[in-house]
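Take this structure, written in structure tokens, and hold onto it; I'll ask about it next.
In this document, chain identifiers A, B, C, D, E and F correspond to the written order of the chains, with residue numbering beginning at 1 in each.
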Amino acid sequence: MRYAGINIKRFYNLDSGVCKKGKIPVKYKELMGLVASFVLRCDDCIKYHLIRSYEEGVTDEEIEETLSIGLIVGGSITIPHLRRAFEIWDELKNK
Amino acid sequence: MRYAGINIKRFYNLDSGVCKKGKIPVKYKELMGLVASFVLRCDDCIKYHLIRSYEEGVTDEEIEETLSIGLIVGGSITIPHLRRAFEIWDELKNK
Amino acid sequence: MRYAGINIKRFYNLDSGVCKKGKIPVKYKELMGLVASFVLRCDDCIKYHLIRSYEEGVTDEEIEETLSIGLIVGGSITIPHLRRAFEIWDELKNK
Amino acid sequence: MRYAGINIKRFYNLDSGVCKKGKIPVKYKELMGLVASFVLRCDDCIKYHLIRSYEEGVTDEEIEETLSIGLIVGGSITIPHLRRAFEIWDELKNK
Amino acid sequence: MRYAGINIKRFYNLDSGVCKKGKIPVKYKELMGLVASFVLRCDDCIKYHLIRSYEEGVTDEEIEETLSIGLIVGGSITIPHLRRAFEIWDELKNK
Amino acid sequence: MRYAGINIKRFYNLDSGVCKKGKIPVKYKELMGLVASFVLRCDDCIKYHLIRSYEEGVTDEEIEETLSIGLIVGGSITIPHLRRAFEIWDELKNK
């Protein structure tokens, strides 16, 4: 990103590092990133974590369980994001 | 709760059901509930999921990794909640 | 929705039930759903409640009073949603 | 408020004016203020609108229906506020 | 705006007045409006304050420093808005 | 903080670095941090930036102008935080 200075670049490094392998398997870290993005209602962030979850071999059931937690915690205000999340997931599986 | 009607009671059932055993182990579901509560900055909800995580045998490292994701996703506005979360975790371990 | 499991379906039932007739007339329940969606800044949810309000015979003045409350409570960050809400309302009346 | 300037004072006037009588009865305007405060999770604001609702003769059932809408829209993250809201309501009725 | 009543109009006046010249230079007031819009994640509001900042002669470095504060305070959930903000800034400079 | 790992420590460094001197004077950076904390409604963060603003010689008028922007952007839901912010400011000046 053209205008990004040192603080923004450092933050980006932190952001990509925090979901790396640790005591918690990467797959579950991605699902945590997904549920956090979901309750904060950021479609671009949800999409990013759905793609990463797909790459990590997450199943339909695991996505459904994760988004159910997001829906109950975040309420019906998240429903439009739920719909779009399922559409993205469907596209990822059928491409 | 004295004034709760049928819709509120049904929601409570849903809420307690959504973290039950499924394809995702209960432990990771609780950590998902924790990270969602953390980025939404609800101290009472964070405490609840810390207690449940403790009961499920979650380790210090797993709590630290989960809250790191929350901190990076949610930003420095979550720092006061991080401090209180670590205090609660400390109390749970030392009681 | 294809991937929706039992918890999501139950939540959907709750969601559609909560605005049904009770001690509070349906019209005012829809306006409550509208103001809640408005301060949480969810365009799709706002649109849904505008359509339902229109079906319940809500007048221009009632929409204006409801969104005024939303604007004062939610602040100028809601202004883009206010503009879009009035456009949707105009379309509903002129179709 | 000692430091408040002209803009803050004008905003306060607007804020107290927006729930005045109009096409929508004051009672329902207060319940709209309540549901908006509830989904935005501001305890002080919730308390204010509960007191005003009580003064306008709102019943237990109407409070319950209003907060049910808030709970479904806002999700389980609002539960601690629901608990405190019912406690405040109970105090108002028993003082 | 066609449906806007007296309260909405008064709020609009307040909103446009609050960034006028005072003890704080207009330029920094616009950057405050920008950072507030940024952490609340409202693209239309961000765009408005970027245009106003550009008109006030704000430099690339000042925009970068302002959005860095927003990114650290608001977390990675703001990244999609950061990307779009830099694109808008680039367009403003190259039109 | 006892449980903080490398990512949390790096984030803390970033957080304290972002308000350091740059093209924008430190004083205005603190006021930006203040307005961001204010619209996100975090009392502890507001207090921190009020203390830092006080140390940087910010005047009553500058605090008032900054919080006016926060109030108009964030709406009446921020009023309880405004009251507490003015109280803290008063204590800082009279200690």
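Quick note on the criterion: a contact is a pair of C-beta atoms (placed from the backbone, for glycine too) under 8 Å apart; a residue touches a chain by one contact, two chains touch by 3 or more.
Being a predicted model, the structure only gives us computed values, none of them experimental.
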{"item": "Chains touching both chain A and chain B, listed by label", "value": "C, D, E, F"}
{"item": "Fitting chain A to chain C on CA atoms, where both chains share a sequence, rotation angle to nearest 5 degrees", "value": "120"}
{"item": "Of C-F and B-D, whichever chain pair has more C-beta contact pairs", "value": "B-D"}
{"item": "Furthest chain, CA centroid comparison against chain B", "value": "E"}
{"item": "Far-end chain from chain A, centres as C-alpha averages", "value": "D"}
{"item": "Whole-Å gap between the CA centroids of chain B and chain E", "value": "34"}
{"item": "Gap in Å, rounded to a whole number, between the CA centres of chain E and chain C", "value": "27"}
{"item": "Chain centre separation in whole Å, for chain D relative to chain C (CA means)", "value": "18"}
{"item": "Where chain B and chain C are represented by their mean Cα positions, the distance between them in whole Å", "value": "30"}
{"item": "Sequence positions of chain E contacting 2 or more other chains", "value": "7, 11, 14-15, 18, 36-37, 39-40, 45, 61, 65, 68, 71-74, 76-77"}
{"item": "Chain contact graph, described as a line, ring, star, complete graph or other shape", "value": "complete"}
{"item": "Footprint of chain A on chain E - complex, ascending", "value": "41, 60-61, 63-65, 67-68, 71-72, 76-77, 79-80, 82-83, 86, 89-90"}
{"item": "Touch list for chain B against partner chain E, complex", "value": "39, 71-78"}
{"item": "Interface residues, chain E side, partner chain F - complex", "value": "14-15, 18-19, 22-24, 28-29, 31-33, 35-40, 45, 59, 61-62, 65-66, 68-70, 72-74"}
{"item": "Of all residues in chain A, those that touch chain E in their complex", "value": "1-5, 7-8, 11, 15, 36-37, 40, 42, 44-45"}
{"item": "In the complex with chain F, residue positions of chain A that touch it", "value": "7, 10-11, 14, 17-18"}
